[in-house]
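Below are structures written as structure tokens.
In the two complexes below, chain A is the common chain; its partner is chain B in one and chain C in the other.
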Partner chain A sequence: MESSETGSGLNSNLDRRSLLTAMGVAGLTTAPLISSSMMSSADAAGQTINFTAWEYQPDTIKSLVKSWSGKTGNKVNISFIPNVGYTAGIQARQRGGKPADVFYNFAYNSQKFVNQKWAADLRGLPGADKMVAEMFPSARSRFVAENGAIVSAPYFSAVHMLQYNKKMVAAAGFSSTPNSLQETYDQCKKIKANGVASPYVAYWVKDFVEEYLHVYLLAGGVKPFDNKGDPIFMDDPKTLEVLEWWQAMYKDGMTPKSVLTDDPGKHTTSIANGDAAFYALHHYFLRDIVESKGSASADIAQAKIVGTGGKTLQMGEVIQMGGKVSGKKKAAAWDFMKTYGYKDSKGEFSTFQKWAASGALCAPYPGFFKDPKVIAAFPKYMDLSLIQDTFQNSSDIVPARTLPWYQGFQAQCGTVIHDLLLGNSNPRATANALAIACKTAKSGSGL
Partner chain B sequence: MKTVRRRRPLSRARIVRTSMIYSVAACFVLWILFPIWYTISSSFTEPSKIGVRPTPFWPANPTLDNYKIVLGIPIRDKDCTPGVDIGNCQTAASNVSVNKIVDTMLNSFYVASTVVVITLIISTIAAYSLSRYRFVGSNFFLNFTILSRIVPGLVLVAPIFIFLRVLDLLNTPWALIISYTSFTLPLAIIILKNYFDQISVDLEEAAALDGAGRILTLRLIILPVAVPGLIAAGVLVFLESWSEFFFALVLTDSYTVPPLLAGFLSMQTFNWTLLSAATVIAIIPPVLLTMIFQKYIVTALASGTGK
Partner chain C sequence: MPNRRFGFYLALPAILVLLVLLAIPALLTLFQSLFVVPDDGIGIGQFTDVDNYLFIFKNEIFWATCLRSIVFAAIFIIGSTLIGLAGALLLNEKFVGRLFLRGLLVLPWACPWLIVGIIWKWFLDGNIGLLNGVLMRLNLISSNQDFLSNPDTALVMTALAATWRQSCLVALLLLAGLQTMPRDIWDAASVDGAGIIQRFRHITLPWLRPALTVVTVLNVIYGLMQFDVIFAMTQGGPGSATTLLSYLIYRQFFIFTNFGVGSALAVALAVIALIGGLIAVKTLYRKIEV
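Entry: the complex of A and B
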């Protein structure tokens, strides 16, 4: 934690991209030396780690923990908190003086937790630099703050993809999925004319629509924020085109009217039963669509949000180490984190192999996609090379999304976007309102 | 002599008024029952059929699989091709906690029952005192009791968390029993004080003439008369303890039913059918309890309205 404070002043004027690149190079060259000279996991045997996770596949989590405990001789007490209410639960435990040693966190909270000293800066821990260096360059800034602090390790990563009905697209006379937002509208219109009442579904509820703002801005070729985290989307004329497109999709009935409140389960049912042709959401939702075994499940494939066009949003959540963990426990906690969010002691992505098999979740490492065990474990109906290409070449994490003030903007986004979709606002006013929401959140940052 | 009572002919105005009352009542009943019907219907629906349009009144092919999964009973999936279409089929990891519903229901029952017992003992004495004695600050105490219901639990959770951490009671049933009692007590005191106010003082005066002291009078004379009020307060306290979410979320690791149910909504993966099945199972005890003691609840809550 002290190193975080020191580093802040030294690196404040360094360009973020240069810093991350330099870290990557430095990490790859120095990591073996550092890791051999610093504490090893063997020093940390016999420790008890308190691990807090949200309740996604609890049995998988237990088996991962059991496997690590068996290999290292350390004990792990797992505490599950439901995903709904996780932030409140974990913050209450932090404030109440019973923090976890290692815990899941939402990426948007990660820097805030380090600033608050609820989570540790991982710089200097053996292999931390190497972990960052091995990531896709596009993913690094989710885990590294502007001052160089390594705030977290990956829990999982995903990219927004377009799940689509091959037969419907072909029947409408298209040889490929849309390569731009405008083409998305055009294909939807044709498919609608062919009898599909609401061809496009997406999880546009208030709490989640902020992700789509970035999905569509990136698809439209807009860079939402500059390297300092200041909003610049409102000055880009393409932003207005994106917002016009978005409003038209809803107003012209390309989506169901209930799309502003529908949940992913309903969308999954909709596309799996042939009631929709396109479903934009994280790549792993294809698994739900196929496994739900609807009448059209077998016809659903995956494509980039705008094909050969712009980029898409890369998202993911993280694991962090408690800010008060020290000594041998810190070594054990870090070893656990490395196994969970990077590689195990044998250098394998053993945790991610398991997540790939059980949830089609990805890791932000190129090596993950080349791992034969991952390839074997990943659902066969998913195009892993397409997903890898999207991670590598066609996605952006929008680094501002992890900044401490960002949640304030996120909370405002839903109302502003829904106003646009419902026709209560126009694209220009929406862009301005979003920019104001950013600036307001930024000026009032803090817990 | 047998008298024949002739029914008064219904006036047009009366017919209209009665129809309107019944229409409003019917709408209200539908409004109340719709979520319950939807939950029950969803619990028998295959995941791929949830949310289909038009919404069927009852699933065409009802299934018990959701209940089996929630209860941890293995299901046979005849369409599954292991390793090809749905990963590991029956052995595939569940997204949510299964096979925990019965355990957490037992935990909820233990917590709620203990809270009821503790709350009723303390609140009976407190409510009787407030009803029968005028002491310095009695009005303030009563008003403060009512006001304490207004304070949001969110504000109280942090100090309660620290208190329980110091006592090393976090993640134990006592963490919930202690915290729930703190906010069920005011509710029970208000209900019971109101009920005791309705009981004639003459009974106690007669007991006093026979030589009974206050405690004996309370035990032998007042409590038997106040049984409906005690039952009503007990049921309401039980329901409040059974359904409480936030304290259970923060103070324990999904020890009781509500956080377990919340765990069915995870990472944008909404397991509606499993959630519905778990909800149906989880509401059985409170529904039974309410049905059994319904008349006492209505009587006790209505007491004092005719003052």
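Entry: the complex of A and C
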């Protein structure tokens, strides 16, 4: 682990998980004291916040911003950048001297942005510790760096789930969804024999396949990285089993051959029209499947990816504060971030309530799932308690995914995994290539 | 005021814009390619001589990507020039609906590259794509083909998508050239007994040579710099089948945030484009001798 990259000044013997747990307890007990002694957001009225977001539900974003502005007397200038090219866009603005005060970011960029002073460390801001303390313990390390810096607040969180066609699974003679990767293959094979040409779909495009690497490693009982962020998956024999399974799924036609370039929209249409039995992706895609009103939409339900035994990947994106924001503007920006990524001034998850209603998005707080307004807002065809249980007990965020070098690994991962699926590589060589990709990403020597 | 000075003053605003928008960034890129540029973008960093160049030249990924980029550009240049030329010749003839068809030429060109990529992604789709439907009806294939997920066809298909858009611009430019050609030269050649191929070879083609030179140089640049269509259609995949130099540059700048190496790659790409452009000019440009 290159702790110097994160600027760690902590004793390296201190376990990361212990630190985060301690932060949780400390945050819950000391936050009220700290909050009262810190700058109040009420001091910060009349500020103008420059907010940059990507274009997911821009009208919802505008209404959330308008609501906060109305309550606080601060103005927010919203700037949208298309999802495609957001990373390049936000970096170009930073380098061009036009940084945002508050901005959406991909979690894998968050620590890098703090290291580069493009984003602020939120430690010490009123309620920041409490925000972290109220999260699922499994989620905290997405927002807290190894040195204790709070790098971001949540924009949304999600878990990978298996959307499945109940009738197809039952017709193939199975009483439940798969409880292992092997069972996934077996069920697919049976369903394929029943006439569904490509039973399994997933978003395996080059730039996204890295998420599935973790989904399947976790499902196969493999811990991908150790607590220091060093890769350990290649030393685990189960990794080879996972990669063999993955290759077989593609090679044996359990997925369409076009899965390497297909978009989620196509997969949604596919399962909603009865052309696929399984669709592995974030939980909120069930909403698209049901609301597309395809011929099989009513038959689609949601399950954990490998039943009750294994874990899946918990993901989410974040909001960050610009590294140069200071004074009263900082107080206003933080108040905005708290409202957007935590709770409003009344202590309600008002932003997340809205996202739950409009996009079935979740927040990494147990309190979110108990909030009556969230429960009322969440689509009725989704099993919120199952999603909560997955967040709480059956998912892992893989902390290494937010380390500063990680995006370099992600960029190389797609080529390596595609080579495996296309039969140009075998599982052992793939595991080795992934380990080399980690090494080059860490040293910044990837091409 | 002498004519030359007047001409210079007229060109001055354009020269200034080009200096600010092209020359300075180009020089800055060249400069950065010799340094390890800090991630935060502040300052220029440590001078590394030509280490960034040595790094990319020693990397086999670079050479494989170079070759792929040249193949992509070759398909793009040849395809868009030939299709554009054929379109221009057709639309230069008199027939009912000619004006309407000329108007249609602008449509693909008006589409951003990214949108072209998305349109073609659906067109080539392995399950519901129009191309598969047409080929099936013509009995040319017996089952749907996954053009974009197949490493053997993905590069050609993405190049064709880009070609589709560019050939419309080529047709427009060449059509403009054709319309300046005096009709009496063509008619005189007919009277002298020249056939259609001879007239095309000895009259039309030489007349279009300056326009073809410009078009080919533009095609070299667009072909080698292509990014958006690839990004929309395959993101460089499957595997590395459609990863071009422009994609590597994007990765270095915005994923690895390695501006030094990214700049070195950009300079390498610019040199390749320059060589390509020079070859095009050398091969095609001659004074009109009609």
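To be clear about the criterion, the second predicted complex is superposed on the first by the 432 of 447 C-alpha atoms of A that agree within 3 Å, B and C clash if a C-alpha of one lies under 4 Å from a C-alpha of the other, contacts with A are read in each partner's own complex, and residues count from 1 in each chain.
Here is the rule we use: a residue touches a chain if its C-beta (ideal position, glycine included) is under 8 Å from a C-beta of that chain, and two chains touch if they have at least 3 such contacts.
Since the model is a prediction, treat every value here as computed from it, not as a measurement.
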Overlay on chain A: chain C relative to chain B, clash or fit: clash
Touched partner set for A:R95, first chain B, second chain C, both or neither: both
Chain B versus chain C as contact partner of A:K117, first or second or both or neither: second
Partner chain in contact with A:V290 - chain B first, chain C second, else both or neither: first
Partner chain in contact with A:S345 - chain B first, chain C second, else both or neither: neither
Touched partner set for A:Y56, first chain B, second chain C, both or neither: first
Chain B versus chain C as contact partner of A:K266, first or second or both or neither: both
First, second, both or neither for A:V84, with chain B first and chain C second: both
Common interface residues of chain A - those touching chain B in one complex and chain C in the other: 84-85, 88, 95, 263, 266, 270, 275
Chain A residues touching chain B - in the complex, by the definition given at the top: 54-60, 79-85, 88-89, 92-93, 95-98, 203, 208, 262-266, 269-270, 272-273, 275, 281-282, 285, 287-288, 290-294, 297, 357-359, 379-381
Of all residues in chain B, those that touch chain A in their complex: 47-53, 79, 83-88, 92-97, 157-158, 161-162, 165, 170-171, 245-246, 249-250, 253-254, 259-260, 262-263, 265-272
Chain A residues touching chain C - in the complex, by the definition given at the top: 84-85, 87-88, 91, 94-95, 112, 115-118, 205-207, 256-261, 263, 266, 270, 275, 407-408, 410-411, 414-415, 418-419, 421-422, 424, 441, 444-447
Parts of chain C lying in touch with chain A, wherever the complex brings them together: 39-41, 55-56, 59, 61-62, 114, 121, 125-127, 146, 148-151, 154, 231-240, 243, 248, 250-258, 261
